[in-house]
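Below, chain A partners chain B and then partners chain C, in two separate complexes.
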Partner chain A sequence: MLVIGEVHTGLLQNSGEISESTCRQVLGLMAGESVRVSRRPIVHALSPERLTGVDCALPAASRSRIRGVGTVVSRCAVTGGRVAQGSSYVRVVRSETDRRLPWSHYLSRPGVVEVLGKAKAADLAEGFTGDPAPGCLDLGAVSGRFLDLVQASPLLDRRAPFKIPRTSLRWVAETGEPSIRFTLHTEQERTLRLTHPGPFTPAVVDLCEDLATHDWLLTSLLVIVERARIGATPGAQAVARLAPAIDHLMHLWMPAARVEEWLTPFWESLERRPGFTRQWRSLVDRVRDQVAMNTLALLSATAEAGRR
Partner chain B sequence: MLVFAISDKGGTGRSVTGTNIVYRHALQGNDVCYLDFDFGSPTAGAIFSVSAVARGTPENGLHEYLRGECPQPRRVDVWAESDREGLRTRPPGAGRLVLLPGSEGGGELSALTDEIVGRCVQLFGRLEEEFDLCMIDVSAGRSFTAELVLAATVRMPAVPFRWLVFHRWTRQHIIAADGLVAGADGLLDVGSRFGHDREDLRDRIRFVRTAVLEPDAAELVGLRDEQRAWLSACDSELRELAGRHGVGRTAMLGKIPLDPVLQWREQLITDEDVLASKIANAETAAAFDELAKKIVDDSAWEGL
Partner chain C sequence: MTPVHATFGEVAAERRIASVPLSHVSVELGHLYMEDFEAGPDRLREQFRRVAPWLATVRSLWRERVPGGRARVSTCFLVDDYFSRFSTPAELVPMVLEAAAEHDLSIDYLARESACAQSGGVELARLVEDRLVDDPPPETDGSRPPVKETGWLCNGSRSPRTAPLQAMGKARPWEPPAQNAKRGHSIFVDVELWDEKGPRRTWSCPFLAAVWQLLRLGLLRSEGRVPLPPVALDGGWPRDWDGLPAVVRLNPQAAPFSAYTTLSVLSPRFLPVELAVRTILSQVAVDDEVLRQVATRSESEGVRLEEELVDRISYVFV
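So, the complex of A and B:
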């Protein structure tokens, strides 16, 4: 029918970025299974997947009661030793029967939630990306807890270089004529509607996580630039406030690095509109210009002092 | 940084002072939030002039969150939702100012369970990621709420936290404030029972004197010489008493003068109240401003 997921992204609570080996330890939430790490073009570490059993109402725009039973897949990721994520998703399918089956049935189909009774995909998609009624399947709560697990790791010193909110990306993926729609809601909430050709594969989840990472980077850089109050405060002060972005964020922009070939057109479409990289570049240029101007001012002040 | 606000007695000025401190801290450019953990009477909304949550929120209050009845507690953006004209726009350079109201008609916590402590840890951990300062109004006296936050902070050893103990400048209040910290079943006792290091915890506690009338204050100009001499003698007696009870100058983070506006109404003192309408004293605003700085100034928190 459709796949729904939610990604929560935040700044890893550590003073500096963590090494690949620390990433492995932080994400090794389950003994016995290993963390997957890719190194190029940026270190990306992905925890083993975990299942959460659910038997609850699914969010529907019509507010009709739709019962779903099955398991949610969740995992955590750390990108560039700096950005942490908790991510969950389920494939929603129609059940063969109208009654609940023994758990062994659901456990043999990890990441699948079966709908007991009638349900329309469009109703669920609207409900999930709209304003889900309280008490429904809450993937955000699950993802938030997985992100908490990472952030509470004793290997982190919790002295993050700046305070910044987490963002959440709620996504719905369906099979059909290709299209993508990314929407900003409140300052921290985003939704993504994706229609892809061919059947769902976990590569779609990678795409959503990659988008969430970059949306968080962009959102956070915007916040830091706003806090710097360029033009309203003395240059040196503004530059000092921009420093955390230079030290910790600006090198992390690697759009579509982990996205499978057949899904890259979706990223490209978002690059055209709203234009993630365009906005990122202009912000980065702004930060660099501030630093350059401040350096020039300092240099000329020093030269002036030398002449006197 | 988590800052817990407590007092032994009710009506001490804990909420008014705490809210004014976070307000000043926001004006100083920091992102701040205020958590109304005074579950018995959650009135922080009234002080921020957010009438919709003046006596707590009907839905998704902190009490419900801790009991597991809602996934996340409601957040109120004071800059957007306050009814007070002077608060409704975020001044240039100011940080976020967010209130997490208590539940309307919530009632005190009646027991402490592992689930409640777990939810509290989750809440503090997440807020600490995004706010420079989180002030938690722990209510008055020995309570489950105080135990809850002591238990929660043990579980998050890397998260910085401090305590402010509010008291008035009277004999009874000085003795009571000391008792709340160092007395039987006080913060240090309960804290060490939960696993805090007693000395480390003591170093994280400072006192704040509220509604202080200095013997040389302008309000006292009309007094007779005999009255002034008597007040002066009382004041030095209290200072001596405070010193003996470990509530003296070294353990004091600051004091807030008695203010006519606050005597009549629980509210934030804005610069407009001081400069334009001139109803509040400049000293009061300055005292809040200074406390808002000292709260994060490590030199004010070196070991005693």
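So, the complex of A and C:
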């Protein structure tokens, strides 16, 4: 029917970026399963996947009661040793019966939630990206817990260089004519509706996680630039406030680095409108211009002092 | 210049899952505990006498089922060296083999129970523990972590705690536990997985038996590799259990140790243990890729497997 997921993204609670080997330890959520690490073009570490059992109402825009039973797939990721994510998703399918089956049935279909009774994909998609009623499947809570699991690792020093809120991206993927709709809701909430050709594959999850990472980077850089109060505070002070962005964020922008080729057109269309990279570049330029101007000011002040 | 199509790969970023050779059925001819050993070789002979006709039946059933009648059946025997250490391999194994031979039974593989907990640097029991996914009671929406009693696993919702009677307060009346997938009435099962005394954890017999079933079904992997592959023994039987490989291949011509299905021939006194084993196994999430491998293989040779792994396990209680 459709696939729904939620990604929570935040700054890793550590003073600096963590090494690849620390990533492996932090993300080792399951005995006997390795953490997958890719190093090009940016270090990206992905934990093994874990399942959570659910038996509850699914969010429906019509508020009709739709019961789903099955398992949620969750995983954590660390990008550039700096950005942490908790991500969960389920494939929603119709059940062949209208009663709950023994649990082993659901475990033979990991990551699938079966709908008992009638349900329409559109109703569920609207319900999930809208305002889900309490008591419905809460993927946000599951992803939040997985992100907490990473952040609570004893290997982290919990001295993050700046405070920045987590963002959540709730996404729905369906098969059909290709389209993508990215919506900003509150400061921290985003939704994504994606229609892709062909059947669902986990590459779609990679795309959503990649978008969530970059949306978080952009959001965080905006917050830092805003906090610097450029123009309203003395140059040196503004630059000092911009420093965390230079130290910790600006090198992390690698859009679509881990996205399979058949899905890159979705990223490209978001680059045209709203133009994530365009906004990122303009912010980065702004930060660099501030630093350059401040350096010039410092140089001329030093020269002035030398002449006296 | 025409565009160049580049491909780039990183080994550490990929998941590689080894495959394991599989028989059609793995038959457990017996499970030896200290009490059986103490009862003497007659107890063993009696066990093998009971088992022999069932093994013959299973062989003929699979011959009918498999195209061409080429059924791969392997037999195994498990010795408990975990809960109590008794005798030595040098003394015990020849006695077991002899008793089996008296009933024309050949034991293809011999395994040590402690290997299901830990062997060769692989903690199989931990591996399986991390793969447990609790059977959720209705109204489990993911908003809270699963309710767990550390070291226990059940098939439903436990009775709410009844607090001791307090002054001025009313005692809460008892409420029953409930099985999640009940049919009319509940059969509630709560299984102890392990206990800890100080730093040492002791896995329960049903938990190790669940690991044993998964090992026989070829569904476990450690870092993508097959854990504890059977080893042929060079030289004689060691004088110490720790000197014995986890799974020993006794018969060089034997069909593979792991199989699509398992059959265990057991005394009815093991019935509660096996109910516990099934309660555990129905909450183990086997790796998706491993499940797919087994399904593809069985389909390619015309064998239709049950989807749920508990349905691939059968018993004869005699």
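Following the convention adopted for this analysis, the second predicted complex is superposed on the first by the 308 of 308 C-alpha atoms of A that agree within 3 Å, B and C clash if a C-alpha of one lies under 4 Å from a C-alpha of the other, contacts with A are read in each partner's own complex, and residues count from 1 in each chain.
Definition applied: contacts are C-beta pairs under 8 Å (C-beta built on N, C-alpha and C of every residue); 3 or more make two chains touch, one makes a residue touch a chain.
The shown structure was predicted, so the numbers you read here are calculated from the model rather than taken from an experiment.
Colleague: Taking chain A as the common reference, can chain B and chain C both be placed on it without clashing, or not? Answer clash or fit.
Modeller: Once chain A is superposed (C-alpha atoms), there is room for both chain B and chain C without a clash.
Colleague: Pick one for A:Arg273: touches chain B only (first), chain C only (second), both, or neither.
Modeller: After superposing on A, A:Arg273 lies clear of both chain B and chain C.
Colleague: So, A:Asp148: does it touch chain B (first), chain C (second), both, or neither?
Modeller: After superposing on A, A:Asp148 lies in contact with chain B but is clear of chain C.
Colleague: Using centres of C-alpha atoms, tell me the angle at chain A that chain B and chain C span after the overlay, to the nearest 10°.
Modeller: Nearest-10 rounding gives 100 degrees.
Colleague: A:Asp157 in the overlay: touching chain B, chain C, both, or neither? Say first, second, both or neither.
Modeller: In the superposed model, A:Asp157 contacts chain B only, not chain C.
Colleague: Given the touch rule stated above, what does A:Asp55 touch, chain B (first), chain C (second), both, or neither?
Modeller: second
Colleague: Between chain B (first) and chain C (second), which, if any, makes contact with A:Asp138: first, second, both or neither?
Modeller: Both chain B and chain C are touched by A:Asp138.
Colleague: Just to be sure I read the superposition right, which of the two partners does A:Val37 touch: chain B = first, chain C = second, or both, or neither?
Modeller: Only chain C; A:Val37 stays clear of chain B.
Colleague: According to the stated criteria, A:Arg307 is in contact with first (chain B), second (chain C), both, or neither; which is it?
Modeller: neither
Colleague: Counting residues of chain A in contact, which comes out ahead: chain B or chain C?
Modeller: C
Colleague: Could you state the shortest Cα distance, in Å, between chain B and chain C after the structures are superposed?
Modeller: Superposed on chain A, the two chains' closest C-alpha atoms are separated by 6 Å.
Colleague: From the superposed pair, tell me which chain A residues show up as contacts to chain B and also as contacts to chain C.
Modeller: 138, 141, 145
Colleague: Over in the complex, which chain C residues touch chain A? Could you list them?
Modeller: Touching chain A: residues 8, 10, 12-15, 122-123, 126-127, 129-131, 133-146, 155, 180-181, 220-224, 227, 281-286, 288, 291, 307-311 of chain C.
Colleague: Using the touch definition up top, name the residues of chain B that touch chain A in the complex.
Modeller: Going through chain B, the ones touching chain A are 29, 31, 70-71, 92-93, 95, 122, 125-126, 128-132, 156, 158-159.
Colleague: Give the list of chain A residues in touch with chain C in this complex.
Modeller: 29-34, 36-40, 44, 51-57, 69, 71-72, 100-105, 107-108, 110-111, 135-139, 141-142, 145
Colleague: Which part of chain A faces chain B closely enough to touch in the complex?
Modeller: Residue list for chain A touching chain B: 10-11, 13, 134, 138, 140-141, 144-145, 148, 151-152, 154, 156-160, 163-166, 227, 229, 232-233.
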